[in-house]
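The following pair of complexes shares a single chain, chain A, combined with chain B in the former and chain C in the latter.
Now for the complex of A and B:
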């Protein structure tokens, strides 16, 4: 047990190190001066230039520079944005929770709708219900996310005016920033009409969540269905039937667990797609998340922001992937306890 | 009245492009207290019969039969519920691939407890019942020859060796104290000593509890001595069935003769270093079944009449299906 945890920890650290190295190399790869990309400060004169170079050891050996870079990262000194001059750590901490909130809601829909529907159509494989569910999910799966988002905006916001067009919450609500997760912040805030703010935030959440959740739900349905069908054809299900167990007992005791175990790692992959889609959709809905923030950085050639944004997002993704794999390893008895760790 | 009585069981598999008659008019009976051997090469449909009896059939299978009854009750027309009850209480099934037939995500102990029908559990409080369940499981596991139950009941299927898996499968079938055991190659690949152990256990259960056994195997040697009667299968057709002794002494069907001849210890007058007699060719695949008598292309006695399926003929309780059986002179 400790051994597995240790292995995952080593894997996590190594991956992080590689990511840091990549972001470090960006300092030299971006078409700007290394000092500028590293710190986000454009030196005004030679003296300042000299001072910055000395401060960040940019004249010494590359390994020393990297070591220095790492220690600055861990100290929380991520540099400032080229454009706004704000510390990047602050900006990212503001933007990232919004993206996590969006993706988490979408993931919730994916799991709550995708898995039951997938189970249903897997159990009724090749029936009409199954064909219907399957064709709907294939259609949804083929719809581009950005197009779907635009269609949603056109119909529900502009045509019918049922749902708000953009943003996380109406600007009339002045919600102090505490955790970055809007719903928690609303609950923490005082002198505010909480129920009104909550329902407003909820209305804002519907469209963006749906537009990214639909595609992933579709693929979740298909993955679950396939997995259920595979398990149903296994010899141990035949054996269970010959024991005289009822279909319900067989489903609960033998099918469900065996079908869901292989789904978990695939779900980790879904989460990455989800986050990617979330970043696209954020731009369309002006959702103040990390995707929107990165796009802005690209437009404005904010090199230091790009460097840190990439590092932050990839760290998040790596963390989730490894956590899910670890979880899967812990609950799946058939996986060898000491098989090597990979992602 | 026989325990299990099957007449003209036909199984058709719809592969999407064609419909294959995988079993063609199979006849089979097992009496209470009888050990019947069901013999045939691999691919002759033995395991299909087992699956058809146990009722776990995929949706693309169509099963028809003139009679398929358990203790006089028609298995095909009864409700799902009734059939489950029979499987739960009266029939134990051992499948061919033991490890694959065990759920990989549940411990073996739990799987054994699950096979135990409610009626056999004593006590009214749940802890009493849990205790009684556990006792019963350990008793059965010991009976099939597994001594260190602690180690194996906690284990998952991928952690145990194959022969332990086979024994546990047997334990799972026997734990409900069934009236009949269907054993599909339960000793496949076992070491000789273990094999003898298992076969002995089965004969003993047969004698003491008059357990009816349908013993499916391609290993004629292993089961010839313990079975009372035999049914020979070729390519989804029953070719001959009757008392073991009679068939061994005087097979009537060319295929049975070839099968017996190919097992050296059955033919006493075999000169040393001579070739074993075999039939030319191999068993056809299900996709390319010959019409009429399916042995036709390989049969040394085949003639024109053999393109029609031979009907079952009987001499007392020795049944065979062949147009030109061995006791008649070749025309």
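Now for the complex of A and C:
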């Protein structure tokens, strides 16, 4: 147990170090002056240029520079945005919770709809119901997410006018920023019609969440179905049947537990797809999240923002992935290290 | 005198023929294959069959609806866009651009990924553990993020977005090859070859690769569908192929400008991306279940 924890801690540190090194190398890779990419300040004159270079040790050995970069990172001094001039740590802390909120809602839908449907069609494999579910999921899996979002906007927002077009909440609600998670902020806020604000925020959430969740739900259904079918073919299911267990008992005690274990690492891989899709959908719905922020940054060639945004997003994703992997390892010690299942 | 013979059958179907027979038994997979072949045809022969030049702007024919509507004309099958370019030709060239680059990207990623994956799978000890875990963790970085960084370094363009997607696809191939090679290395037939004095390279080429080939094809179709979606997504976000270039995502993005006036300029590029991915997915699924049937027989 301690050994596993230690291994994962080392892995996490190494990966984080690799990511930091990558973001450090971006200082020299981006087609702007290293000082500008590092600090986000465009030096106005030679004196300021010299001062910045001396302050960030840009003339010294590359290892010293990297060490300095790391200590600045941990001190929370991430530089400022090239375009807006705001501190990057503040901007990222504003944008990241919005993305986490959106992705968490989508993930919730994926798990709540995907796993039961997958179990159902896996248990009734090769029947008509299974065939229907399977073909729907293959179809949904193939719909490009940006097109789906555009179609949603055109039908539900513009044609019927049922759901709002963009943003997280109506601008009439003045919600003070506290945690960044809108629903928590609304609950914490004073002198506000909370139920109206909550329902408005919920309406804003529906379309982006659905457009992200559908594709991942489809692949979740397929993964779960495959896993259930594989477990059903194992000899211990026959043993359980011959012992006289009811099909309900077999499903809950034997099938479900064994089928869900290999799904977990695949779920971690789904999160990557989910976040990529979230970033695309955010730009379409003007959702003020990190994806929208990053894509605006690349349009404006805001190099310092790109450098930190890349580090923040990849750290978040890697953290989630490693946590899921660790969790999986802890609940299932028998698992082979590199085992994976097919769809 | 009747004699028992193993070899009475006139022909012995090869593994590929077995797979093809199992594949053929699913009608949906066959339809998917037909649609996919149509896209392959477009990819290779678009310049020969397209009725118009995809970037020729005919100012006499702006925003003509598709031919099946009342106002449409048969001269432009899918209508024209806001600049008077024939949508049918653009879609054809777009299939060529999107599908062709995706195919290229997947092949490059496969070659690199299989090479690294085999080396990683044959390694053992601390080195392999570090390489494997680090790769697994880096695999988690979203494609779009890699693409944004590459675009930041090299600038936007189709070729740069191809590099980004290749980089994003490689880890998957490494992961699969590695776990496959690790599994195979423990088996007896590999051990016997090792006892015969085969070097690692020979082991890989003569023993592992023939067994791995089919799973690689299945993995490749999966990667192909991801590549198509990613390339068109980058084109759509204006980070990949730049507007005058007929790439399906970019066509969709330009169609968005006149989307309210001309809904077909959003619908048709979207449907073609959808059909392309759908046919790739169906063929991949069919291949996979055909392989499963053959192996379990």
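Of note:
Methods note: the second predicted complex is superposed on the first by the 334 of 343 C-alpha atoms of A that agree within 3 Å, B and C clash if a C-alpha of one lies under 4 Å from a C-alpha of the other, contacts with A are read in each partner's own complex, and residues count from 1 in each chain.
FYI, contacts are C-beta pairs under 8 Å (C-beta built on N, C-alpha and C of every residue); 3 or more make two chains touch, one makes a residue touch a chain.
From a predicted model like this one, the values you see are computed outputs, not experimental measurements.
In this superposed model built on chain A, chain B and chain C occupy separate space and fit side by side.
Once the two complexes are laid over each other on the shared chain, residue contacts for A:18 go to chain C alone; chain B is not touched. Between chain B and chain C, more residues of chain A are touched by C. Legend: residue contacts after superposition of the two complexes on their common chain; A:306 is shown touching chain C, with no touch to chain B. Of the two partner chains, chain C is the only one touched by A:268; chain B is not.
Of the two partner chains, chain C is the only one touched by A:321; chain B is not. Rounded to the nearest 10, the superposed model shows the Cα centres of chain B and chain C diverging by 70 degrees about the centre of chain A. Of the two partner chains, chain B is the only one touched by A:126; chain C is not. By the touch criterion defined above, A:332 lies against chain B but remains apart from chain C after alignment on the C-alpha atoms of chain A.
Judged by the touch definition given at the top, the superposed model places A:239 against chain B, while chain C stays out of reach. When the two complexes are overlaid on their common chain A, residue A:258 makes contact with chain B while staying clear of chain C.
For the pair chain B and chain C, the least inter-chain C-alpha distance in the overlaid model is 5 Å.
Under the contact criterion defined above, no residue of chain A touches both chain B in one complex and chain C in the other.
Here chain A touches chain C in the complex through residues 11, 14-15, 18, 26, 29-31, 135, 138-139, 141-147, 150-151, 154, 158, 268-269, 271-273, 275-276, 279-280, 283, 291, 294-295, 298-299, 301, 303, 306, 310, 313-314, 317-318, 320-322, 325, 338-340, 342-343, going by the rule given at the top. The residues of chain C lying in touch with chain A in their complex are 28, 130, 132-134, 136-145, 148-149, 151-153, 155, 175, 178-179, 182, 225, 229, 232-233, 236-239, 249, 252, 256, 259-260, 263, 266, 270, 273-274, 277-278, 281-282, 285, 288.
On the side of chain B, the complex with chain A involves touching residues 51, 54-56, 58-59, 84-89, 91, 93, 95, 97, 100-107, 114-115, 117, 156-158, 169, 172.
On chain A, the positions that touch chain B within their shared complex are 126, 233-246, 253-254, 257-258, 261, 332-334.
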